[in-house]
């Protein structure tokens, strides 16, 4: 057994150990902390699988933002802690365990016995990269070859934010989401929240910009921007905007809106919906992505802050 | 030339690994939150710095090297501020309980 | 290709763990966490299969990668919506139970600590 | 060289795992708040070495992202854990 194999087994064991902790531990706060650690470490597996784009997404959205979303819910639901009476009986547990083991074993068996000839679309993607002028194959798939998926995914984000907002109580309708945090003027948190966001914004834009030719892109960059915005909110430096603001709603629809306009333009001038003319493909894709990074940052941030709770004064 | 680089890398990464070992021993052996926090933020950040130093000769371009250094600086900033916050919370928790 | 095997088994176990937690854990928030774990296992399976489809110059088949990125974002949106629903239920009913019976009175007590 | 670096990643990962065990075991929530901070140093060191071993230069970008997001998660741990402690305090005051 080589060193690399030992390392891979160790990495898988650490990640799975965190997964077991997340499921088995009693306290919800501990479980969410374990899940954040899991999400951040899964990025290492993705790097080892040579899927750096996914590693970035998993670290930013799966581990960072998703974990913090679960964490804030756990902090609020602290009073509703375990009701042992509700826990399912031994028979249910045993049969659930049996079912889970069966499914895990089936999946593992399927992975171990995959056919030797692997169907792959990678050569096709590489061969058609000239049509967009972008060197990152994943961005090509996301923004050009399967652009429809990405556009609909933006619509899903938009629907989710509409769903979250629609849960606001009547007296807070259209108001500020989340609690107002008080800034401690000489606190460490305020210091960090003033120092880190400028760096984070540069990194976010860099990750977005490099996405054209290297791993990166609008989601990952947008997630970093969103986390910096939330940091300033948590430190009390700024308040969440009331959700009835026009400019906010404009930002939220800018990404999918521009995507749709370009798509319809492709139908009007070109061959099909979302067909870019090869000469203008790169500027069009970059334009859509610039609109999208703003939309993504605003949407992710607002999804984390939740439904409006305070009315506009 | 490449031999000298490799020697720097091996020396610095080994030293970094030693500091990670020290930090983990501290985490496992120290009795209370504040001392463990000390082990975590100081030893581990030194370890990260040495690993970054060790990887600098292997970095292909100047840009990669600058990115590596900025990662370490970010780690230092995070360690310095977050440890303050956690320590403050720990003290608050002690006085209220 | 040992890495593919190891991480493939790891992904399968993550799916099993998530499924077990989803069924047996009574609290809705823990069910959401377990569901996210399950989803992460499924994404890893995609990554493992995509790794086998590596071609010259591309370490991992870009099509499954793009699918997984879309999936991560959609899973995040669904999680955010589920949590907003859960918090609103807690606000309205004072408990997060999903059963039809009367909410247990233990829910309003502060946790001992 | 590759073998040495792989061994170094494995070693740092093992240290990270032991540290995580110690932190998650507690006893208090303040100990658990350190988890993201630990990944922000040990995890990033492992990631940087792994990127060099696997030949993925873009791993540096992942490390940059991880550094920012781990800091963000640490702040959220403290912030939310703090509201927990405050909730505990008001809860015990109401008891009296």
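Letters A, B, C and D name the chains as they come in the text, with residue numbers starting at 1 for each one.
Methods note: a contact is a pair of C-beta atoms (placed from the backbone, for glycine too) under 8 Å apart; a residue touches a chain by one contact, two chains touch by 3 or more.
No experiment lies behind these values; they were computed from the predicted model shown.
The chains that touch both chain A and chain B are D. By the count of C-beta pairs in contact, the leading chain pair is A-C.
Using the mean of the Cα atoms as each chain's centre, the chain most removed from chain B is C. For the pair chain B and chain C, the distance between C-alpha centroids works out to 31 Å. Between the Cα centres of chain B and chain D there is a gap of 12 Å.
Centre-to-centre separation of chain C and chain D, using mean CA positions: 20 Å. For chain B, residues touching at least two other chains, in rising order: 74, 77, 82, 85. In chain D, the residues that touch at least two other chains are 16, 29, 33, 56, 61, 64, 68, 70-71, 75, 81, 87-88. Shared interface positions of chain C, i.e. residues touching 2 or more other chains, are given as 59, 110-111, 113. Residues 188-189, 191-192, 195-196, 199 of chain A are the ones touching chain B in the complex.
Residue ranges on chain B touching chain A, taken from their complex, read 74, 77, 81-82, 84-85, 88.
Across the complex, chain A is touched by residues 2-21, 23-27, 29-30, 32-34, 36-37, 40, 43-45, 47-63, 65-70, 72-81, 83-88, 90-91, 95-97, 99, 104, 106-111 of chain C.
Residues 1, 4-5, 8, 11-12, 15-16, 18-19, 22-23, 28-31, 33-34, 37-38, 40-42, 44-45, 48-49, 52, 57, 60-61, 63-64, 67-68, 70-71, 74-75, 78, 81-82, 85, 88-89 of chain D are the ones touching chain B in the complex.
Across the interface of their complex, chain D is touched by residues 3-4, 6-7, 10-11, 13-14, 17-18, 21, 25, 29-30, 33-34, 36-37, 40-41, 43-44, 47-48, 50, 52, 55-56, 59-60, 63-65, 67-68, 71-72, 74-75, 78-79, 181, 189, 192, 196, 199-200, 203, 207, 210, 214-216, 220, 223-224, 227-228, 230-231, 234 of chain A.
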